[in-house]
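In the part that follows, the structures are each spelled out as structure tokens.
Shared chain: chain A. Partners: chain B in the first complex, chain C in the second.
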Partner chain A sequence: MFKLINIELYKIFKKWRSYIGFIAIAVLVPVIEFALQIEGHKSIDFITRDLQQSFLFVGNLLNTYFVSYLILNSLTVHIPFLITLVAGDLLAGESTAGTYRLLLTRPVSRMQIVSSKFIAGLIYTFLLILLLAVFSLGLGYLLLGTGELIVFRNGIITVFAKNDIIWRFLLAYCSAVLSMGVVASLAFLFSALVENAIGPIISTMAIIIIFLIISAINVDIFQSIRPYLFTSYMGTWSMFFDKPLDRFEIVKSTLILLAHIAGLFGLASYIFYKKDILT
Partner chain B sequence: MKKIFFSLFLITAVCFSQSKDPNLIIKNLKDNFKKVKDYTADVDIKVDVSFLKVPEMKAKIYFKQPDKTHIESDGFAMLPKDGLYTSPLSLLNGEYTAIYSGDELFDGHKTYVVKIIPLNDKGDVILSTLWIDQSENLLRKVESTTKTNGTFVIILKYDNNNFPLPVNIEFTFNTSRLKLSRNSMEEDNSNNNKNIPGNSTGKVFLTYSNYIVNKGIPDSIFLTKKKTLKN
Partner chain C sequence: MDLDKVIEIVNLSKHFKDLKAVNNLNLNVYKGDVFGFLGPNGAGKSTTIRMLVSLITPSEGSIKVFGNTLRHHRKEILGKIGAIVEKPDFYGYLSAYKNLEILGKISGKEIGKNRIMEVLELVGLEKRYKSKVKTYSHGMKQRLGLAQALLHDPELIILDEPTTGLDPQGMKEIRDLIVYLSKEKQKTIFLSSHVLYEVELVANRMIIIDKGSAKVEGNVEELLDSKSVRVTFEVDNMERAKSLLDNTAWIDKLDTAVNGKLIFNLAHDEVSQLNKYLVQNDISVGAVIPTRSLEEYFLNITQKVS
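On to the complex of A and B.
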């Protein structure tokens, strides 16, 4: 099985499109960090402007943690596209290249093939988020140093002490991997259905956008649907920046995301297992 | 005869209607604080506000007469602007009218109650009430009403040292006028530009320690901007 996963990873990184996500992050994150280094004080002033009427602020709130939080907040909306570029091509790409028959005549079961592809897709997702974390925190540390983290969530301003931040980021990034894993799983499912990678990429993004719009519109009927949309749980990472942690909601959201991954993979496996290869 | 008695009555009434001079009381308060030429102190800051979750903070305060202040912190710290955290007399800068309002027992101390009305319209404070310790000429309590931030109350506690510098300041203020506006960090759409609900007062507790008084502080320290996020 490990050999199969290695082979799938090799195939992923052999394609130039797999590097788009890494390049995008490698370019965007430094640009954002340099820009915030110059004008990040305005963001902090904007968040705290009402408080600054009554309070005098001392210290360095513009640091790697603040910038990394902002980047994570912004990019979790855009990273799904970078993931679908690869996940949508995992199965459909074999069809486009005409290598399905070559692959399936090998002495490995369809389940092993689909599982190795899926795991390789999840590894790619993990590596993308890892790069995001390393660039955000690492480059931010070099440019801005560390300090306390100020977070504005649900109408509450929370300032986290220096020794109370890293573990939150670690868990937040893990949760982001899980959220993006659902995106990868959805793209993987569509990839099992079609023979061209474009379809899964666009379909996955369309579903994410539609779900996000439904969640954003403040209408009762949409609000009742919201708990059933996986996009409602993609922001679970931000719950690690609550004080105190809402453990129940975090566990619940994590289990829902895991259930989505398992369900989507299960469905994709079934479709692939039953698929009649005609190309 | 009736005219003599009436005149005597009037003179007595005038004499006893303003038995304490508020300006003298304020002068004694200021003179007492002027014993402090400069000081440094460590301050622990604890914030108790419903919409603000902040760990206990530490800062170092430098003060030099008449009004030079500098604050340093290794990490983040926030101090109430109106909290008199450097000089209890910062309320008494500028022109004002002082009115003696009576005596009151506050926190076990006999105090003069003096109302201060700033004559300058440009300031934020409309009216301040000071509770001044009669025997020690210390400021024990301040209640101020401002144009923009409502009313705040400051309670000062001292220990038995030679200088009129507090060891504890409790600052209570009105939070209901504060708005926390939505911004790029905020994900939840249901909290756009709303006033803070729930408990409408907040408190900040300042605890001072390690006072170093009248040892001399160079002016260059007050020119340092390094540790100040925003003044």
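On to the complex of A and C.
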């Protein structure tokens, strides 16, 4: 199995498209950080505008933590697209290339093939988020330094002390890996269904966008179905910036994300197992 | 159980909705056979091969390979099979060597660099082993397809139209390789083709299928009556050639003479004799072509059956 995962990772990283995500992050994060270095104080002013008459804000609020927190907010739409580029190609790409015929006529089970591809997809997702974390926090540290983190969430402004931040980011990035794991799993499921990688990319993005729109519109009927949309749990990472932590909600959301990953993988495996290879 | 039976297909069928791609097919391949699997395009050959290597699931019937059912012993059986299924597709962004290295890692055997280079040499690709497969011609991919099928030294080699897209020299080399694998390496070979002549040259047993069903199965020599062969001689001066033959026994074997082509029904050893006779009498022979086509033979078979 380890051998198969290695092979899948090798194939992923031999494809040009796999680097689009890394390049996008390597370009976008510095651009955002440079821009915020120049104009970030406006964001801080915006967040604290109602409090400035009552409180005096001192210290370096425009720091690596603040910028990294803002960048994490891009997870919902932008990073999923980068992930589907690879995850949507994992099975469908073999079908398009006709290489299923090479892989599946070897003495390895279909379950091993599908599992190794899925795990490779999750590792890719992890690496993409890791790069996001390293670039956001690392480059931010060099450009903006550290300080307290000011967060505006659910109408509440919270300021975190310097020594109370890193563990929150670590857990937030772990949670982000899970959220993006659901996206990768969904693209993987579509990848098992079709013979061309474009379909899974478009379908996954369409579902995410539709679910996000439904979640955002304040209509009773939409609000009632929100708990059943996986996109409602994609922001679980931000719960690590609540004070106090709502542990029950975090555990619940994490379990829901894990259940989605397991369910989508299970379905993809079943489809792949039953699939007649005609390409 | 017949221990010499390598493949045993019983009442095999595959339906795609209303289409019966394979219909109640039965066949046996024995150890050491070069088994010709013949049929026109769309006859169900590739569907049968896909079922044989578990790419698709049969709707009905059973497949036994090396005495074990494919359904229950898939991994064990695939470890002993090397196959080319339809056109040769590879990871185009990787080199031939890397493609084989990856396939070697999942072949169930330890495949080292030496073995990879050995099979690449066998198919004549050793000088291009570092090139990305996307830069290969169709013929080179076909050879690489053969290399991957032989990589893990399988007991049974399944070749689906292995000479498609090759030039005459390439076709001959593949045929020679099949004979070498059969005679020298004692491999069992399942050769799918729609070219009867190709099968006739290398196979000892064959089956002809059409519309998913077997039409005839048996020994190649007996089925094709290989004692005689229909041959076209392309000559520069047909009238002079005809008048030359008029006073000889050859004229009785001449079937048709049209457009510079003389078509004879000859015994195998007579082909070279006639060629020599014509050349010695200053008749230039441009080509000697066996003209029995699968369609012609197939029509005969189906007419006999009906």
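Heads up, the rule we're going with is that the second predicted complex is superposed on the first by the 277 of 279 C-alpha atoms of A that agree within 3 Å, B and C clash if a C-alpha of one lies under 4 Å from a C-alpha of the other, contacts with A are read in each partner's own complex, and residues count from 1 in each chain.
The rule is short, and it goes like this: contacts are C-beta pairs under 8 Å (C-beta built on N, C-alpha and C of every residue); 3 or more make two chains touch, one makes a residue touch a chain.
Everything numeric here is computed off the predicted structure, so don't read it as measured data.
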Combined model on chain A: chain C and chain B, fit or clash: fit
First (chain B), second (chain C), both or neither touched by A:235: first
Partner chain(s) touched by A:223 [first = chain B, second = chain C, both, neither]: neither
First (chain B), second (chain C), both or neither touched by A:11: second
Three-chain overlay, vertex chain A: chain B-chain C angle, C-alpha, nearest 10 degrees: 170
Which of chain B and chain C A:155 touches, first, second, both or neither: first
Chain B versus chain C as contact partner of A:70, first or second or both or neither: first
Superposed arrangement (fit on chain A Cα atoms) - minimum chain B/chain C Cα distance in Å: 42
Intersection of the chain A residues that touch chain B with those that touch chain C: none
In the complex, chain A residues that touch chain C: 3-4, 7, 10-11, 14-16, 97-109, 274, 276-278
Residues on chain C engaged by chain A in the complex (per definition of touch): 50, 53-57, 74-76, 78-79, 81, 83, 85-87, 89-94, 102-103, 105-108, 148
Chain B residues within the chain A interface of the complex: 51-55, 59, 71-73, 75-82, 148-149, 173, 178-181, 183-191, 194, 196, 227-231
Complex contact set, residues of chain A against chain B: 43-47, 49-61, 69-70, 73-74, 147-148, 150-162, 164, 216, 218, 235, 238, 243
